[in-house]
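Labels for the chains are A, B and C, by order of writing; each one numbers its residues from 1.
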Amino acid sequence: MGLTLSWLSIIVLIPLAGLFLKSFELSPEQFWAILSSRRTLNALRVSFGLAFAAACVNLVMGTIIVWALVRYRFPGRRLFDAIVDVPFALPTAVAGVALTSLFAAKGWLGAPLAALGVKVAFTPLGIFVAMIFIGIPFVVRTVQPVLQDLDPEIEEAAGSLGASRWQTITRVILPSLAPALLTGLALAFARAVGEYGSVIFIAGNLPNVSEIAPLLIVIRLSEFRYADATAIAAVMLVVSFVIIFAVNRLQRWAQNRIPVR
Amino acid sequence: MTMQIADIVSLSRSDVKARAHAAAARDSLRTEPKAVRIAIITLAVLFLSVFVVLPLAVVFAQAFSRGILAYLAALSEPEALSAIRLTLLVAAISVGLNLVFGLVAAWAIAKFDFKGKTALITLIDLPFSVSPVISGLVFVLLFGAQGYFGGWLREHNIQILFAVPGIALATTFVTFPFVARALIPLMHEQGTQEEEAAISLGASGMQTFFRVTLPNIKWGVLYGVLLCNARAMGEFGAVSVVSGHIRGETNTMPLLVEILYNEYQFVAAFAIASLLAMLALITLIAKTVLERHLDEGHDARDH
Amino acid sequence: MTPVTIEVRNLVKKFGTFAALDGVDLKVDNGELLALLGPSGSGKTTLLRIIAGLDWPDAGEVSFNGEDALAQGARERHVGFVFQHYALFRHMTVFENVAFGLRVQPRAVRKDEATIRARVRELLDLVQLDWLADRYPSQLSGGQRQRIALARALAIEPRILLLDEPFGALDAKVRKELRMWLRSLHHEINVTSIFVTHDQEEALEVANRVVVMDKGKIEQIGSPDDVYENPATAFVHGFIGESIVLPVEVANGAVRLGDRPLNLVAQGAASGASRLFVRRHDMLVGPAGSGAFEGAVQHVRNFGPVQRAEVALFGGETIEIDAPRDKELRAGDTIGLEPRRYRIFAGA
């Protein structure tokens, strides 16, 4: 027990506490000045905005993928089930260079898209694509077991009470999945916000346009502007904590479904 | 008479229609119309193909775009070899540390009840939800030239940042939760009965651990180590911040991929990347196999 | 409510090579409370699910009031179904669970909100749980969930009410209370109802009529008294009530146990190996030499109003009988036994 705590402290808690201590060395005015600078604001906006949009895409597509994997039988189903984990397992730098060359102007997908006048690589759209990639497993893997374990009787009950299939899905199945769906959304969002490796190659990294917050932290560090880096990191860390807290609440909600008061 | 026949014909026709309707109604209770089914499967397969399969394919296509000789040449560059060596070393250190910690933490959490248990589990999970860049940053703030321990370290001539210890620390931080996470549910489920039985039969604490606890969780341990190792070898953001990018010295494989890519050495970059992608694929296959073992163990306990 | 009769003809349902229903014929009269009784795997739940439209037969017919029910899906049949594990919607309050069937009606026939609310209140009153309206299913006891599931099924004003093991998941005490309650509730609403159970006591106590099933076939249909007092087949005799079963030999109308002739009537059983069924309490104890059987008392234990004696019959079998407490039985006694009532069924 003591060993657990001390090891946890050395590796995780002390370093994180260090970050907060460092950010408290800044006066509120300094802190605010850093955060409200145009470049910081834009970086945060890009990271949070696109991460949220990507998480929403993942929510919808993840639900569709889970539905196909759990409810239907089709050739290659097991293979695709395994493939869902690739974004988890593939090192982010590899994902980054692969997505970039896939969507670059001469890439397999970039070329046809360019013909349509759509430019993905080195634009905010590229960040969006990378964030979708990285978030897929989160929604799928949180929702899949819940849909699998869903009691078939509740669908039969809804049907025997006269509900159409659509009503059964929207009023019974999806609400039953809601905690898992929201958890998946939160996890995908958290991952996308902090994502670095798979994004920076495809992003273009143009300040104020396609520069993500984690990259700005790295840039500030390389300029030895530690205070700036710390302040941005502190904001992102707080958001991470909020998400963890929200996910914990969601899990508890899922367990007993007692209204959260 | 003719009327009657007509009646019967129309009746059986409506009957046939009704039965067809019933067949549809029967299917619709727990599934969707065929068109919807096909649309959903197509969408899912298409999405996964574009976003997952294609990027994976690109890695290998690019790596071998100049043939197998260029590929092998890229991998036998001294820079590449030193990056591979460093990656293996760092992974060994962080997996080793987290294995020990994960075992102890999971044991403490699963077999004892104490206040703040949920909080502790949340804390263990923390590195999962922190941006890798921030994970690197915290060590810069601690050990960097202006950091809390920076001055002391310089006085004693200890190099942590921009050296192997820093990379290992950052990697350990990032991979911190894997082993513990894999073991907590497993050990929790197994409870304490078998340990109690072993101790009541006169086994010592060590004997109990190695002869009872460990055999029960060996697949879980392997599972955690596997995921921990994959992440350790592939970690980019955190390592990038603390490594200092000293060529041939502090570049791990992912970092080398970045450098080569930015220097437009695509074949070399993707050659290294293909090794990492292979690692990912092997990890996934091993993971599937292990999950089967874990499920079997589960069934065996159930029945 | 409109009277509804159910008719099932020659129903066959196979799962792979296993015949869950193997030619079932059944007629249920309007307003009946019918029990489908049988061991697990007897096909009773399959029959119930086919009537509800949740499963479909491979052959046969189901009709409600003479019209083909198989032409309709579960949605159109207006059958109230109470699931074994209740299948309450966990994310809805009790009130919303009961209201569900009313809210999903097509817009054209859907009632307005006030009517729906009034109807739900009425149903919650009926099941005496109006005070739980705002709770979630996870906050209810098993018995309460059961009653909410029933209220939910009744909300759509079903033509037929079907209950799958309605008390299966409850503990013994709650089960007893709910049995009485279901009976009186049925009396009140008077909807043609069928419930499935494997518990004979439950079937005999609650139902007007009992259908005993085994291996996909109906063994007997009759009133509770009927199936208990006059079991039609060896299976029913063995399944309902506690019976003594003796392997006997029938030869030209004479009955033998081992090599001892028994002074009993073969009841038309064909010659050959047969089985003799007697209820434990139908074995009357007399002095040695009287009665069809003779045997030595091995043990005696007292069970409330009766004493249970283990008797080794001369002829080779050991049986347990229930005798009134006023007959003094002691281990070692030799006694005569006469079955007050018995059945002989051909076949070993």
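We adopt the following convention: contacts are C-beta pairs under 8 Å (C-beta built on N, C-alpha and C of every residue); 3 or more make two chains touch, one makes a residue touch a chain.
Every value quoted in this text rests on a predicted model; they were computed, and no experiment measured them.
Q: Which chains, if any, touch chain A and chain B both?
A: Under the touch definition, chain A and chain B have C as mutual neighbours.
Q: Taking each chain's centre as the mean of its C-alpha atoms, which one ends up farthest from the centre of chain B?
A: C
Q: Please tell me whether A-C or B-C has the greater number of C-beta pairs in contact.
A: Of the two interfaces, A-C and B-C, more C-beta pairs touch across A-C.
Q: Calculate how many whole Å lie between the centre of chain A and the centre of chain B, each centre taken as the average of the chain's C-alpha atoms.
A: 15
Q: In angstrom, rounded to a whole number, how far apart do the mean CA points of chain A and chain C lie?
A: About 55 Å separates the centre of chain A from that of chain C.
Q: Which integer distance in Å separates the CA centroid of chain B from that of chain C?
A: Each chain reduced to its C-alpha mean, chain B and chain C end up 53 Å apart.
Q: Which residues of chain C are in contact with two or more other chains?
A: 53-54, 73-75
Q: Which residues of chain A are in contact with two or more other chains?
A: Residues 156, 159 of chain A each touch two or more of the other chains.
Q: Where in chain B do residues touch two or more of the other chains?
A: 28-29
Q: If we count contacts the way the header does, which residues on chain C are in touch with chain B in the complex?
A: Going by the criterion above, the answer is residues 53-54, 56, 68, 70-76.
Q: Quick check on the complex: what are the chain B residues that touch chain C?
A: The contact residues of chain B facing chain C are 15, 18-19, 21-22, 24-26, 28-29.
Q: If we count contacts the way the header does, which residues on chain A are in touch with chain C in the complex?
A: It comes out as residues 151, 153-154, 156-164, 167, 171-172, 175-176, 178, 256-259.
Q: Where on chain A is chain B touching in the complex?
A: Residues of chain A touching chain B: 1, 3-5, 7-8, 11-16, 18-19, 21-22, 61, 64-65, 67-69, 71-72, 74, 76, 80, 82-87, 89-99, 101-102, 107-109, 129, 132-133, 136, 152, 155-156, 159, 165, 187, 190-191, 193-197, 201, 214-215, 217-218, 221, 224, 226, 229-230, 233, 236-237, 240, 243-244, 248.
Q: In their complex, what parts of chain B are in touch with chain A?
A: For chain B paired with chain A, touching residues are 28-32, 37, 40-41, 43-45, 47-48, 50-56, 58-59, 62, 101, 104-105, 108-109, 112, 114, 118, 120, 122-127, 129-134, 137-142, 144, 146-148, 169, 172-173, 176, 230, 233-237, 240-241, 253-255, 257-258, 261, 266, 269-270, 273, 276-277, 279-281, 283-285, 287-288.
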